[in-house]
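These notes open a run of structures that come right after.
The same chain A turns up in both complexes below, where it pairs with chain B and then with chain C.
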Partner chain A sequence: MNFDFQVMFETILIVLQAVPRTFLIAFLILLVGILFGGIIAFIKIKQVPILSQIINVFVSYVRGVPLIVHLFVVMSSLPEGASSLLKAVGFEMQPHEFPSILIVLVTYSFLEAAIQSENIRGAFQSIDPQQIEAGLSIGFTRRQNLRRIIIPQAMAVALPMFLNALLKIIKALSLAFTVGAVDIMAQARFAAALSSRYLESYIAAALVYWFICGILLIVFNKIEKRLQLGSTR
Partner chain B sequence: MDLEFIMNIFPTLLKTLPLTIYIVVVTAILGFLLAVIVTAIRLKKIPVISQLMDLYTSFMRSTPGLIHIFVVYYGLPVLFRAIGIDINFISRVTFSITALVLYNGAFVSEILRPSYLAVPSQQHEAATSVGMTNWQKHIRVIFPQVLPIALPSLGNALIDLLKDTSLLFLIGLVDIMGQADIIIANTLGVYQLEVYVTIALIYWGCSILLEQVIRFLEKKTGKYLR
Partner chain C sequence: MINLKGIEKTFDGNKVLKGINLEIKSGEVVALIGPSGTGKTTLLRTINFLEKADKGSITIDELTIDNEQVSEKDMILMRRQTAMVFQNYNLFRNKTILENVMEGLIVVQKKSKEEAEKIARQEIERVGLLDKVEQYPIELSGGQQQRIGIARAMALHPKVMLLDEPTSSLDPERSLEVLKVLQKVAKTGMTMVIATHEMDFAKYVSNHVVFMENGHIVEEGSPEKIFTDPSQERTKQFVQELENPFT
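What follows is the complex of A and B.
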């Protein structure tokens, strides 16, 4: 069997159809991750007793276990849990009817929250304490201080990290097919099953990923440059 | 959750750990060597090869690890048949290691290059000014300073490598994840959650262990920075 370029090009077109959906899912995961990551970071910065220890264990667990194992653990617990919960409220749902996209969203959001909490914490700690004192000295309330001084500066540090995280999520979503959700990788596997040309399909998927990453990196660099303009004076 | 079942399958799953460790160790060594070569080529800016290496690292970093594994698994036989060699006898372990080495070579090179560039140029000049040859300069002055800079990232790369081995069961390798599939099939899927929780615990334990080893090494090499 030789390498068939025509099949590869056709597969690229099929795979490209999954790109907007993959982007949407990745973006959603990043948003939820940042939201929960922010809460976790807040708890860790304030060193809330007990909660902060629980979070340490949670972050260590999430970072120490491969993503696919997380996916499988959630896949084998969440649908049953949700169905028995729904039954208690009076709804009838079989575990296998549980939408696979929810398994993906829950797993990846947890993971992303753990990762982003570290990034957000780092960003806040990178702010010079004198900036906060300066804000208070001119009569800002704590809230004004947070909104006008701390967050804009933390954002400049954290945004590049968030953008990189988006790329990583898009790549990590390639595992979502194992629980039945459709992203770029899953689309390539569908095409491969139809044409029974596995190598061509996977290379087509690889080229699509490469293309996306290339474009995103150019966009990110532009955004980062603009951020740097704002911080230097 | 059936705790007794977890205790029962724990030894069976642990038995596959040596295969994972073997893959991690071989890949880490070969991947590091590849990374050193790639980094050297890119730092010396050898024309054509250097651009090819840029392309290679960019491709490897932009595509998911799963794709490397599949492309190597389906692609290597096709590539070798094109030049008239039949490699169907090659085991899945070899395919796995090849795919992981290709990825890690690119990934680690992206750690080594900035670490090397982080050593100030005065260090190079100082070493040359006291009459060291290029080789002596690197062995005695530069590398001892590169090591502590690169080590935290290298440690993370090693933990990522351990976690990446969890994907190899998708090409049919019977490692810890492959063994899990067998156990789940044998128990008709009743104990799915228990099996995966056990695996999560095993991976967690391994990661924590690795982290401690790396932290110990960081302390040891930190003295070069002072």
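What follows is the complex of A and C.
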């Protein structure tokens, strides 16, 4: 077996083109996940009847089903559903015209919402009730307490988890090629098909993942160190 | 002036305060003494509505609140007349020392940042920790944190400062450093109510001692009277046991 470093370096350059796009999608998924996760966490903390039970079922489904199965379920249902829905309001769209990136966004955001709801709930529940009393004792309203004390302290707990989630999403997006979306991994597969150099291409993909996740970790560590000073311990 | 009338509070069927009547004059330093579990802490917490009493009324200057029909708004209004110093300090962990003291001034009293910082620095100087302003609570010792807790309360210029066993999480030396700060605060004319087990503080710094037991006020009066010539047998017992614990 001969390993062609030339091809590997060329492939790295091709793969790198997918990095900004992958980042953007991962970031979007995280944001949507945090938004919906926050809503779910609120419903669970407040124990809203019926909604709480529905959410429990949703969370356990999302956690119990492998990502790729999830992707295929959405791929086989969402484009058809969207197409007939659009038809009903007078637009024409064939299911195969449905953008694959949307399939990815919907699937991953669902998953992320379930994960982040647990993280956010944990972060809020980790807050010492005495901190809340201290806020009340200096005359805060509930809103002021939430804004000045509770949310900042919960953020300090949740932020490292959010950052970690970003890493996980970037890596999990390597499965997105199965539904036709182009991320780092999909780009590497294209390059491999062109050059017929599979090992070189996959190693190139591996190095790019390793590199960007390494950089992210360094950034995260810096942020976490800053958070720890005013931390919740 | 603070006036408590018929304060009652029950937790899960357990009556902790059984009709407390107490009048506190402006500038008084009141020491609440008595065995553990007699409701001293609960009484303090009802005065600033961290705990809402079931019955009775609370007056601070012109504002009288009936506990049976108090709104969230009234409670916040009353809390803003008072300030609390906690047993476990409860400084805001996500804020620096300076920010801890400035927080209420800016958010609640809507003072400008410059003015708030000026007041905060004065109060932090009073408790002798001006060199720590940029640090976080976690970086300070317990005694230092409690001194900042006192500065945070003082900065608000409350009508009354409520202190819930402010030294009982501290070793004797750190206790002393906090008590000295409190003595200084007392001299400014601040009205204070302090639940304490520090009898020396009750004797030498306070000018009004209230002996509580089982949710009642057993006896109140000047420190001289309570410690040398109490009229109630139970007070006599309590004081004697403290003076001569091993006889």
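Here, the second predicted complex is superposed on the first by the 230 of 233 C-alpha atoms of A that agree within 3 Å, B and C clash if a C-alpha of one lies under 4 Å from a C-alpha of the other, contacts with A are read in each partner's own complex, and residues count from 1 in each chain.
As a convention for this text, contacts are C-beta pairs under 8 Å (C-beta built on N, C-alpha and C of every residue); 3 or more make two chains touch, one makes a residue touch a chain.
As the structure is a prediction and not an experimental result, all values here were calculated from the model.
Within the superposed three-chain model, A:S76 lies in touch with chain B and out of touch with chain C [touch as defined at top].
Of the two partner chains, chain C is the only one that A:R148 touches; chain B does not reach it.
Counting the residues of chain A touched by each of chain B and chain C gives the higher count for B. Chain C makes touch with chain A in their complex at residues 48, 50, 72, 76, 79-80, 82-84, 86, 88, 90-96, 103-104, 107-108, 136, 138, 152, 156. Of all the residues in chain A, the ones that touch chain B in their complex are 1-3, 60-61, 63-70, 72-73, 76-77, 171-172, 174-175, 178, 185, 198-199, 202-203, 205-206, 209-210, 212-214.
The touching residues of chain B, when paired with chain A in their complex, are 58-59, 61-64, 66-67, 70-71, 74-75, 78, 82, 159, 163-164, 166-167, 170, 177, 192-193, 196-197, 199-200, 203-204, 206-208, 211. Within the complex formed with chain C, the residues of chain A that make contact are 130-131, 133-142, 144, 148-149, 152-153, 156, 229-233.
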